[in-house]
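Chain nomenclature is as follows: A, B, C and D, assigned in order of appearance, with residue numbering initiated at 1 for each chain independently.
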């Protein structure tokens, strides 16, 4: 089985760099991601290793790293299913007023939990860190961060925080 | 792997477990160290507290740059006689110019003993020791000044018996008096 | 018992409203929880729903690493996975080496495998010990933690630190084997082989342990695959997958070892598989010490940058010092992934470089994080007393999951 | 001195001596302190470590338990706001009291007992011992804590499932000795064979019930710390906690005394008939207490070997194997009485 041919059937945009163990398949259209994921699962990629985002100035790249436990040939491959999403325009410009960190609008992508149940906690983490709302996720709550970080998306590169307010917040926590 | 899994029948199982426990009750088999009545003499490459050789150091700041927890700060010094350095005048931050240099000081509250600084030093000026079990009494004590830093913390329990650990077939680790 | 296959919709469909159910908040300060909260809905003594609430020891390792020089991430990842420091270190360094295009020399590869296997034994012993105290056997807890000691002493002899070794650097390792290491290692291995028999009598084949673990917390093979479980837990469910075999790194392509798998996927199998892996690790350490190739322990690219003082140190003390390259490392733009089989499972690294002095994206997933579905799926339908059994058998380490 | 007969004085203050000094409260205190220390030392030895040592290093840390007791005495007693305060305060004390009162019906010598020799001492002592766990349930209920509550429920389940085997094993010994009296029971053992040889099944049942009732491993179910924090005593602190923790050891002491009287031949090998203050009163008692101590030591050794069973497994084995064993022991006794004598 030639993995590259199979991947090219799913999307035209495939990057393979064996030396860096880097297999990447890029889907441009969020509508097509569900079909692409289904065909990857049929191919044998049966679990998700990590779901994460990469933040760029104008877009957020959502990456599902998938791999296989059941197909012997695919066990050595870490495939990155990549979906770049445009960031919405900033509506309000309040830079960390009152709250200790500035709030930014999230982006929306379809959730792949229905195809890969192993993505369930990973998608929750990507949601709170990058502001990626996974539509169709059954249980999209904050996982690692406390609720005070709501809508601040700390792993984005433009995450800024107001030191004074953060200290106030921490002091509140201590007093409680 | 199924022969590994095969459960033991309860009667044999209970008897064997009790017999093994009883055997360990009777045999001399202690593997713990009676700290602090005995303390370990650690191998020479053990990463403990370290100090710097004032004469060797060239003040290049490489250690400050590599330090992962940012525990090292460079303090301004004046080069005195015979290569030794003297404290810079109060409030002076200048480190360049004639007879000016800087020296590293480690904040022991931050240091994680990774020894990146020891290894990155181009002149190998750091002097490692094997002292590791020091309790600081005051907050200030683990932020030494440069003069205090030149004498790293001393080992507590000086009267304790010094032992070295040794691999032992019976106890895993046994201790014998240090040479 | 949860005989049915995991279905993602069940998460929404379980109705736990009403006064029929007792809600137990196990944790975050509870002897059986670790640094996490497990919210349990009980119907009598039967668990209806479990909601693991993690994040109490979230240390923002990704955030910190993206704002530091490349070399400074090594201590950070080590401190997240305290029982598995070498593997975290190794996984990160493998990813960085792929970006840099450096290949370490064979001796360094073998030394990496050596430390990794010693670390795997300590990690498994840690897991067995925690499992012991969760079922109430303080003896196994003390024994396992005591038996880590000879191995930790070996690590200390080799690397100068007991747990947080920071031993592996891009291009090789930091110290060569000291004198007397091989003899000491052989003694320790023989000791451990003898002790495994004692463990069998007092713990593995103890009727009480068998009563508590057999057919408890069964994870079927299909579930293990679809939930993406890793490491010994995966292999206990019968999936033949080991990163050391399927994506070999370090010296594993040259080593002769087996990957033990079990069939039933219950808590007892997860215990047995750890014992079997300790045996395999002992076998591998023997091979490594026998076949250890001669040569440098650092790649030539790094060695050539050492100054004369450092080279002298290398020749005399077998100690690799850092050239300035280590601080000012700027890997060329690109992405790299790396996987390493740690004691608890697979560590995954995804690193993106833009040629800057900091990583642009630093993503890593730890085995405990990927074993979280155990709580939501496997514990349902069991009794409350089985929750510690399941928790202990999967060798879950909350700080590692929280990163 | 010849005017004052020492036996008479001892006879006069015998009850007080029995309850306060030996084998009463003071002995209990000393024995509990020693047995807790011994339990920790045994576990430590099996686990290849030192155990308690640095309190009184010269005698191996034997004063550690005393130090713990002092610590509990001076700790602040915290009573939760929502607890039923009266029950919360009284229940541990009552638990301890009933465990101790059972002692007055357990004689440790032919001429040495707290009350006038009754013909029904076995029945009285068993009845008092069975009351004790009820206060444990009150303890769990009073603290208004879910973990304590679950612990109390578990205690209740186990109490019921192990009561019947306990009673049956005692009944089987009553059948063999044909008496309701400990002293006669011991006398008949001295004349023939110790009870453990006459009816080993009853002895085994009794041992299992002892382990269960006093919460030793592998039946440490009500205090399972990885599930229930500390079970019944989760909300307790200070001396209440200390008393609560000591009660199982007092029960263990009572049970061990009964065990050594019924199965180990009481004050065998001494066969006393003289009314000598030393020889007739204390020496048999000493033998019985030493036997009881050995039984206690064997039971606390189990901590070093076993983890704990699950609740349902313990209840199931209580209603099946142990009950079967106890019924068999009664049958064995009847057979022996019918055919051997």
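Methods note: contacts are C-beta pairs under 8 Å (C-beta built on N, C-alpha and C of every residue); 3 or more make two chains touch, one makes a residue touch a chain.
This is a predicted model, so every value here is computed, not measured.
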{"item": "Where chain A and chain C overlap in contact partners, by chain label", "value": "none"}
{"item": "Intersection of contact partners for chain B and chain C", "value": "D"}
{"item": "Distance-maximising chain from chain B - centres being C-alpha averages", "value": "D"}
{"item": "Pair exhibiting more inter-chain C-beta contacts, C-D or B-D", "value": "C-D"}
{"item": "Rounded Å distance, chain A centre to chain D centre (Cα mean)", "value": "61"}
{"item": "Rounded Å distance between chain C and chain D, as computed from the means of their C-alpha atoms", "value": "46"}
{"item": "Whole-Å gap between the CA centroids of chain A and chain B", "value": "41"}
{"item": "Between chain D and chain B, distance of the C-alpha-averaged centres to the nearest whole Å", "value": "51"}
{"item": "Sequence positions of chain C contacting 2 or more other chains", "value": "139, 146, 202, 206"}
{"item": "Shared interface positions of chain B, touching two or more other chains", "value": "17, 20-21, 24, 31-32, 172"}
{"item": "Chain A, residues touching no fewer than two other chains", "value": "none"}
{"item": "Chains touching one another, given as label pairs in label order", "value": "A-C, B-C, B-D, C-D"}
{"item": "In the complex with chain B, residue positions of chain C that touch it", "value": "68-69, 71-72, 74-76, 79, 139, 146-147, 149-150, 153, 156-157, 159-161, 164, 166, 174-175, 178, 184-185, 187-188, 190-191, 194-195, 198, 201-202, 205-207, 210, 214, 260-264, 268-269, 272, 276, 307, 309-310, 313, 319-322, 324, 326-327"}
{"item": "Sites on chain D touched by chain B in the complex", "value": "42, 45-50, 53, 301, 304-306"}
{"item": "Chain A-touching residues of chain C, taken from the complex the two chains share", "value": "6, 8-9, 11-12, 54-55, 58, 60, 62-63, 98-99, 101, 224-228, 234, 239, 241, 246-247, 334-339, 346, 348, 350, 352, 360-361, 363, 365, 369-370, 372-373, 402-403"}
{"item": "Contacting residues of chain B [partner chain D, same complex]", "value": "17-18, 20-22, 24-25, 29-32, 34, 171-172"}
{"item": "Complex contacts: residues of chain D adjacent to chain C", "value": "43, 46-49, 146-147, 150, 217-218, 220-221, 224-227, 229, 303-313"}
